[in-house]
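For reference, chains read A, B, C and D in written order, and residue numbers begin at 1 within each chain.
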Amino acid sequence: MTLFDELKTAAADDWAAYTHHSFVQQLGAGNLPQPAFRHYLIQDYLFLIQFARAYGLAAYKGHSFEDLAKGQAGLQATIEETELHVRLCAGWGISREQMAATAEQPATVAYTRYVLDTGMQGDLLDLHVALSPCVIGYAEIGARLKPALEANPEHPYAEWVAEYSSEDARRLADEAIAYIDQLGARYLSPARFPRLAEIFATATRMEAAFWQMGLDLAAAEE
Amino acid sequence: MTLFDELKTAAADDWAAYTHHSFVQQLGAGNLPQPAFRHYLIQDYLFLIQFARAYGLAAYKGHSFEDLAKGQAGLQATIEETELHVRLCAGWGISREQMAATAEQPATVAYTRYVLDTGMQGDLLDLHVALSPCVIGYAEIGARLKPALEANPEHPYAEWVAEYSSEDARRLADEAIAYIDQLGARYLSPARFPRLAEIFATATRMEAAFWQMGLDLAAAEE
Amino acid sequence: MTLFDELKTAAADDWAAYTHHSFVQQLGAGNLPQPAFRHYLIQDYLFLIQFARAYGLAAYKGHSFEDLAKGQAGLQATIEETELHVRLCAGWGISREQMAATAEQPATVAYTRYVLDTGMQGDLLDLHVALSPCVIGYAEIGARLKPALEANPEHPYAEWVAEYSSEDARRLADEAIAYIDQLGARYLSPARFPRLAEIFATATRMEAAFWQMGLDLAAAEE
Amino acid sequence: MTLFDELKTAAADDWAAYTHHSFVQQLGAGNLPQPAFRHYLIQDYLFLIQFARAYGLAAYKGHSFEDLAKGQAGLQATIEETELHVRLCAGWGISREQMAATAEQPATVAYTRYVLDTGMQGDLLDLHVALSPCVIGYAEIGARLKPALEANPEHPYAEWVAEYSSEDARRLADEAIAYIDQLGARYLSPARFPRLAEIFATATRMEAAFWQMGLDLAAAEE
């Protein structure tokens, strides 16, 4: 059993509430209201800036060139993912300027700054555990939604589902799982597991609140 | 005009939405549902741990013994405020263990980690501006609610209002305003004002979301 | 065997080179050239500012109110120790302004910033291990030099030896040893010991270089 | 006048002592004892790990994607420079394992941790000013030594001089100068200049101490 699986098991309810959140279910079924998706996309852009910072932090926290190279790869990948994201948003008529000028929602602030502060306060293991609900959870969600995509050639959120069900997304998630095991072998003492489980559960709940934010902002406009 | 007043003016709507939030209005009128207040109190305990960390950070960020002594005083005051808080909660039948075992809400995570990450990313001026909606805003709210307290000897939230309308609270707020001016004289370039205004506005909106959380948690239980 | 003793055993040569450094031997014998002691005292003032910052960092890194209170106590004690230090220096005709205007030597920068960066990069255990050669080593040195002090009522460095052989110094050292054990029980995995030993050995060598700096600066003036 | 030139002017003596250090003069003349150069090379490898961390920190400290991309580029360049360095050392019969197993000298610790702690304590401008004596100073030294290289086809340190007198080194230095101006326009208040000048002067003195370390280690072996 990987350390990631142990953390998921310890936070089973939170994990289910996040990965099967109503936003995700509607996204998969293709009946998520477009305003909810648009709000999500815009906040996700603001989210990615902070995520890139988190990989910079991972490099700062590294002890070996391998750690540094992993931080560098994550930083570069996040900067590139942002460009993909900007193109995806352009398809929905949302410009980069519009996104950059939007205020961050509390849910966006909560998850991103939790990751950054947890990583700064602790070590590389804490940081990567805080990042994992995003990196690994999105690939899990993407894989689950993929059949819905294949069943519906007109799926309105095809591009999003395709991105997170891609082989690339799977590979990145598998690497993250392996790296958490490697960091666990280095740093994890038995007494530390409860703290790690708390980080994982909190980060997972913050991700669920991020989906909820999309629904709430759309509902508030009606 | 103090720098704090300039920041407040630049974020006038956010400041009004925070300091005149429905939670505050009901708190002053004495008709805030008790469950809303209880949820607020419990989350505020979790908030104070992070706030104490922020004053530790202020000491780390200091350049002179004066900065260090200010960080130390803030840290000590926050630890002591927590003890007051624990006693206040005991009066409402909420134990320290119960508070410590409660999960942090997204709104709690959002404001606290925003302050910590903003302070770590930037300098002492950024940190103290991010702290100011709490330190200074609570005294402003306390002062506004004080007449309601004096008009009603049975006010259910008398202790809370008394604490934040006290001379101590006013003095701490005045010191914070003066310190922000002092840090501004040291660090503020004209080009930096927009970023500082963004920090202030974001922190203020996170404070408003913290009040809203009290109302939402109570509403969800009904 | 305490964790501190394990670390000391693993770095036995470095520890001996630090605690029995020629500067220390001459200090105990009372024949240390005064210029060497003066240079040391001035740099030590600059050192204490950074040490106070390290205790602010310890508070930032804390998870519990106990951790926070320990950071606060260390911060307060260091600020107070600085005042003692300023009085000690006044006795040698060195003013606070003179010390504050002196440039930091590489050896001063090396140890202090090593502690701060190691603590920021890692967790509370890393930070307190990096601090330990100073906090605990000085008490060990003080205890060893105490008989020389008692044998010589005119000892030129009586005040310094008295301070670090005091019961207060011993108590602080014992508390630091106990806290490292407590942090070890929380955070230490077997795989992490080599890294911890490296931190301890490096910090110890930086302390030895700090003594050497006093001798070198005095020699350069001759 | 660029901000970098203002800083250099304010620290003219320290800058001259660094860029015209005896180690540099002997390196250019080709009569630097090989042991001094070897010690320098080995410590420089340990230096580069910390420098890569500093660029990770720069990404963490960034506010815009431009800042993040600059951090990422610096991180990637430093990781690649390390590979060049490993090859250069292999030519001198020094293996990567040998370098990684060498203990850091106080001078190595002093400069690298000063950069990291200064950057963490302050903002991006502080960080890049602390990095500048290395990034920009090496290109200045390289350019000055280039004629000596051209005059002597058998120059023992040809590879080193070629690397730091290359167009790439010049371009990186020019970019660093321009970026410091850009950060200055964003962040520099007049009251802050003395602190910035202190950072620059301290970092420059730590670089000079790094050269001196090469000479001292070689002398100690004789």
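In this text, contacts are C-beta pairs under 8 Å (C-beta built on N, C-alpha and C of every residue); 3 or more make two chains touch, one makes a residue touch a chain.
According to UniProt, the chain labels map to these proteins: A, B, C, D = Aminopyrimidine aminohydrolase.
These figures come from a predicted structure and were not determined experimentally.
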item: Copy-to-copy rotation for subunit A and subunit B - C-alpha atoms, rounded to a multiple of 5°; value: 180
item: Comparison of A-C and A-D by number of C-beta pairs in contact, larger one; value: A-D
item: Between subunit D and subunit C, distance of the C-alpha-averaged centres to the nearest whole Å; value: 29
item: Whole-Å gap separating subunit A and subunit C, where each centre is the average of the chain's CA atoms; value: 43
item: Length of the line joining the C-alpha centres of subunit A and subunit D, rounded to whole Å; value: 37
item: Where subunit B touches two or more other chains, by residue; value: 53, 60-61, 116, 120-121
item: Subunit A-touching residues of subunit B, taken from the complex the two chains share; value: 53, 103-104, 106-107, 109-111, 113-114, 116-117, 120-121, 201-202, 205-206, 209
item: Sites on subunit A touched by subunit D in the complex; value: 49, 52-62, 64-65, 68-69, 71-72, 75-76, 79, 82, 116
item: Parts of subunit B lying in touch with subunit D, wherever the complex brings them together; value: 60-61, 63, 120-123, 126, 185-189, 191-192, 195
